[in-house]
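Across the two complexes that follow, chain A remains constant while its partner is chain B and subsequently chain C.
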Partner chain A sequence: MDVFADLLGGFANALEPQYLLYAAIGVTIGTLVGVLPGIGPALALALLLPLTYGFDPTGALIIFAGIYYGSLYGGAITSILLNTPGEAGSVATAIDGYPMAKAGRAGPALATAVMGSFTAGIISTLGLTFLAPLVANLAKSFQATDYFALMVLAFVSVTALVGTSIIRGMVSLFAGLFVGLVGLDFLTGQQRFTFGSAQLLGGIDIIIVVIGLFAIGEALYGLARLQYAKEQAVEFSGRIWLNKAERKRVWKPWIRGGFLGFFFGSMPTGGSEVPTFLSYNLEKRLSKHKEEFGKGAIEGVAGPEAANNASFSGVLVPLLTLGIPTSATAAIILSAFQIYNIQPGPQLFENSPDLVWTLIASLFIGNIMLLVINLPLVKVWIKILSIPKTLLYTGILVFGILGVYSLSGSITDMMIVCAIGVAGFFMRVYDFPVAPAVLGAILGPMMETQLRRALSISQNDFSVFFTRPLTVGLLVVALAVLVLPAVLPKLLRKAKRAEPAG
Partner chain B sequence: MAASLLVLTGCGGDSGEGGGSAEEYPSQAIEIMAPADPGGGYDQTARSIGRSLDEGGVVETGAEVYNVPGASGTAGLTQFVGENAGDPHQLMVIGKILVGAIEQTDSQVNLGNTTPIARLTAEYDAIVVPADSEYETLEQLMDAFEADPGGVAWGGGSVGGVDQILVAQLADAVGIDPADINYIPYSGGGELTPAILSGDVTAAASGLAEFQDQIDAGEMRLLAVSSEEPIEGVDAPTIIESGYEVSIANWRGLVAPPEISDEQRDAVVAMVEEMHDTPEWQETLESNNWDDFLLTGEEFSAYIETETEDITQTLTDLGIVG
Partner chain C sequence: MPSPDSGPSGLPDGSPAESHDDSSAGSGHASPAVIKPGAGKLGIKIAAVVILLGAAVVLFDAVRVSINGGFGPQQPGFFPMIVGIGLVGFGLAFLVRATLKPDQALFEQAAAEHTDTHWRTLWTVVVALVIYAALLDPLGYIIATTVFFVGIAWVAGSRRLIRDVIIAVLFSAGVYFGFTELLGVRLPGGLLETVL
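Entry: the complex of A and B
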């Protein structure tokens, strides 16, 4: 019951005219930036972080939520019309969205994306509303060993993101871990990989990593590719709304995608890659129109887009209650919290209830705004796609580097962002996945700190990791995640072979 | 390099002319640097000083605050000393934490390169345990600490900061080798509080304000405060009253750039003293629970010197500097 009262209080705040205006601004800016090919939600937030300095924390977070949802929607537009997904989370959307658009059904594809996002957004925000306070309560008893076990689980699950080549994925992960090591060692104050530079003592900010990889790296890659790929946005015409047959086909994928997205989003690896592809495969398996998949099946757009949106509220569960960011986007939002001197964690719901519940209420509002403001404006957003690519990518380069300068005013940071950008470019060229590097840089230092804290508290007695039930439970789950994908298929095959005999 | 030399000589020329007519100070806007990100203690102090100067009517020319984060404050210090020599309109907020950071980061520039103006505020540390702890008094906790130094896990702020120095001095008071202290740093109150409540650490030392809510809610027990005198409205003894000759103040103050004349320094000190007496500043002290800790000019210079010696010694004993 308390949850309802708290949430109502949140709505009372979020519905104040100025906050509604912020939400509308956020959604619009987010869509605008999201429509630009190659810019996903994480980068949109990183570039726009300085914008929020002028606002109170609640206002800033409302704008952030708006930008996030807006850029997801913008990403769906580019995935469907251009076949250039802005972030890993919308890759699955393009598989069937682009063929739909080519077949003249861009309108229904976009409509199912937006309405699916809305439905899933509501489902997952409800999930967040009820789950987060419970987790926050549970998290109060979390000790360093438990946090460490959670990080182990997260890192083990990262293997799901490393793509087809384990070696490439691991190289990417370790590059990220290395970046996370730079700076003063948190527990002893020793300098690590600072090469005598005072500017490196504070470490490399995750925002710099995100802007380097996603803005500089992507823009360079886009520019390098211009002469090969002549992308042409699919002409947009015809109806926008779904017809009756389509409506019947999409509502179940929306709901399933919503649950998948929220569930996997709230897991320690978070992110939207896993749930979107799971949703795509699930819809393919359940559909009566399997032959259409890959050629323009509307379920193939509905499920992944729903899962993509829903994963955001999921990611907020570990972020708000444990202070653990499990995706690039979450890491940027954590930075925003810290600018305002707010530390997400078990105490957040007690210390800043107004802020938290206003944020959650604004997620509902942002979803609704997206639906009423943006869907009718589809044709306006598409105009942005006609900006010449050379101008666009050059602009991204300039704004990316300017963005870094506006955050820190440091020339060293600008050089670092360029170096990371060039590394990101080569990662794209040689097909190294970027997500493990980002997660390594975010979670690596956290895991190291928690491990060493746990050992320091126990005076270097490793048995602490095997005596707390919660720690043991999490480590067992991590082991299962590591071992089961390799072992399970074999076991199932054995069972199948045994069946006919028995 | 050439540019900064030019600026340097330019300012030197200015100060030569301005030296004779100190009563005209300030002749332009006062700029105050906070050597940290917006939101923290340095930033809050800088902004409060700026507001009191401005709204308190101390300066007609206005006061502006800017942030230079990085390298635990020493990035700001390096820039401040390097770019502003001879300019009495430039001020910078410093504090006890910066003294340790200078040693820790091997900073080429130290507070000896500045012109100390005034110490202004102090905050005090609290020593707390979880509400269900077996330790009811500081004495009980210290007895356990003495019996098994490693067995008491102390939580507190970043390495080399005020909190760790306090724990080191407590250890010293009962004859424990600093190398045997089991000190676990956290990035701030937001991270430390959950670690105390979950029972991760045995006890914790950090700014009283960080724990006030949990103490009031009965989730933490306040064993002692680090001030020399009991704090009004706080229901706990000082560490000294508990029988250990240890006190620590997390002070903050202002410095001016190098190469300003004694007359100019006196003018800046006079301005800061006037700022100190404004109702705006007194309100700031009260609303932030900052102790009035005024000390100016030469005496403040001497204080910084003793602090630097003490802190360097403690950090060396702890093996952080060496």
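Entry: the complex of A and C
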């Protein structure tokens, strides 16, 4: 089969000794950064982006894949030992991981996380290998209206499915759209939302948004609470490996989590929050040990952590084939692509097959590196947790500013990142979800482009959005996602109330 | 229900602090056990007002773009108009949830968050961060970062000055040389330009 030949070619590239070394370095640095409390994969990639400037595109992408997997695993360590998940995707891991660690079973919890990540990573990378070329082929027939509808669906689902309030989600989304629009309109050259500042003409880089919201916002949040801090790290001791009873309980959750993560990751919803929580609930429902959930059930770590890892390869499907990043992590990777003048989309598989297949091969390698390097080194990583919090958050602030400075050296950018950081702090305090803001800032400009393209083909006739079946289908799904969560509980309650009466 | 007119009394970005600055700031381990039910109410209202003010500015600029470039759906002002209207609309909805139809879950969360937040630390760090960013070029990376690092660690409650200074110097020098020598990213030398 074609796919195998392509993949083998990718492995031939990625298995060069220097690239293997890069993958190992990436995984190590990624874990090192990801293990810091509050730092998840997206932020780790944003902060470490400057490190890749000196490499060739293939090398940079391999390091990137390594950093991603490393930081994901690092995040699992902090979730389990400190109960401070760095990103939405590891929240579910902490629910049962932290109680396990408190009960002296941190070792098995971490082993489940890393081996589950490995299993799921292989499943979902295989999924990517076979699905991506198909979607790329299909995407060649996509038109501007379809892209527009896809992005509407992405916006609606991230706002409605993530977070607790649609109003606050929408405020967050529109604020992100606003940030995305700042700068010169590329069609007419008109200034939008620049407020007379020449520095804003080029727009606000997505890296600045991510560093502001995640790094600066998170560090401010941590520092402001430090005076009243109460969280305690759990001592790590005992065995690391899983015993026979545990092995029996975790392998099914790994596989189910892998499939869930890949499937939901590749949907326009993107991200890892939905699949991880679905996986948690699924495992709880299927488990023979329901009473253990919330108190340290190993399935509750195995499933979500597998789903978390698998969702990444899923997110790469729309990113590589359609050029649509559906999560903050994907947006950073898109930025990295753009540094090397690579434009993801249906043509990517034809124009730069070497690069794509090397990237996919490096995902497999990154997963294997994770298993060989990280599991034996658990005790080393845990040492990092003993860094005093005061120095840790200060360090995050310094790295955040460094990341922005190395982008442009512009003082305006640094002021913007401070402002976004303060906004991020208050978003956290008043429970505004940040994912919609990030997605709005990334996809907003793309959405506008597709809207204008569609309307220029149809000569300002809006009916194009209601005549193409695919477009209509996507828009209907978007409407359902928006309306059903609000309506469904009421309908169900009505049905329940009707039952005893009728 | 308290009327929201207390909002504009202070500076918009300074006033959330007023609602909760009564805590004994000196003692580092004063862990407030009880969540004050009133905390955060004012903050939510101020947040709503700030969102609406921001939304008004966005809408205003969108109208300006539209007047310059035309209101048609392919013109540069079309999408900004949607964004401006959306922000104002959802900003108003949030204001309603903050005042007329209070969102209980949100108020509870805000009360807990406000109780745990040490506002003086927050604003000190924000001001220091802005000054740090502004002085990075004139002072140079190593000096500015060292001073910032030690200062913030102190503000955050670290009292081991000598250790912090040593770490700060090693850290900033390490980053400086690593980035300029190994990665080819230029960082400002500043006052030390002639020495480095």
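Keep in mind that, in the parts below, the second predicted complex is superposed on the first by the 479 of 502 C-alpha atoms of A that agree within 3 Å, B and C clash if a C-alpha of one lies under 4 Å from a C-alpha of the other, contacts with A are read in each partner's own complex, and residues count from 1 in each chain.
Keep this in mind: a contact is a pair of C-beta atoms (placed from the backbone, for glycine too) under 8 Å apart; a residue touches a chain by one contact, two chains touch by 3 or more.
No experiment lies behind these values; they were computed from the predicted model shown.
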item: A:Thr164 touches, of chain B and chain C: first, second, both or neither?; value: second
item: Partner chain(s) touched by A:Lys248 [first = chain B, second = chain C, both, neither]; value: neither
item: Partner chain in contact with A:Cys418 - chain B first, chain C second, else both or neither; value: second
item: Chain B versus chain C as contact partner of A:Ser456, first or second or both or neither; value: both
item: First (chain B), second (chain C), both or neither touched by A:Lys494; value: neither
item: Partner chain(s) touched by A:Ile339 [first = chain B, second = chain C, both, neither]; value: first
item: Touching partner for A:Gly409 - first (chain B), second (chain C), both, neither; value: both
item: First, second, both or neither for A:Thr188, with chain B first and chain C second; value: both
item: Touching partner for A:Arg225 - first (chain B), second (chain C), both, neither; value: second
item: Broader residue contact with chain A after superposition on the shared chain, chain B or chain C; value: C
item: Doubly contacted chain A residues - partners chain C and chain B; value: 53, 187-188, 191, 409, 456
item: Contact footprint of chain C on chain A as seen in their complex; value: 50-51, 53-54, 164-165, 167-168, 170-171, 174-175, 177-178, 181, 185, 187-188, 190-193, 195, 216, 220, 223-228, 230, 388-391, 393-395, 397-398, 401-402, 405-406, 409, 411, 414-415, 417-418, 421-422, 425-426, 428-431, 444, 448, 451-452, 455-456, 460, 462
item: For the chain B and chain A complex, residues of the former touching the latter; value: 37-40, 68-72, 74-75, 78, 104-105, 107, 150-151, 153, 158-160, 182, 184-185, 187-191, 193-195, 197-201, 213, 320
item: Contacting residues of chain C [partner chain A, same complex]; value: 13, 16, 28-32, 40, 43-44, 47, 51, 54, 58, 61-62, 65, 68-69, 72-77, 79-80, 83, 86-87, 90-91, 93-94, 97, 103, 105-106, 109-110, 113-114, 116-119, 121-122, 125-126, 129-130, 132-134, 136-137, 145, 148-149, 152-153, 155-158, 164, 167, 171-172, 175, 179, 182-188
item: Residue ranges of chain A touching chain B (in the complex, touch as defined); value: 53, 139-144, 184, 186-189, 191, 198-199, 201-202, 323, 338-347, 351, 408-410, 453, 456-457, 459
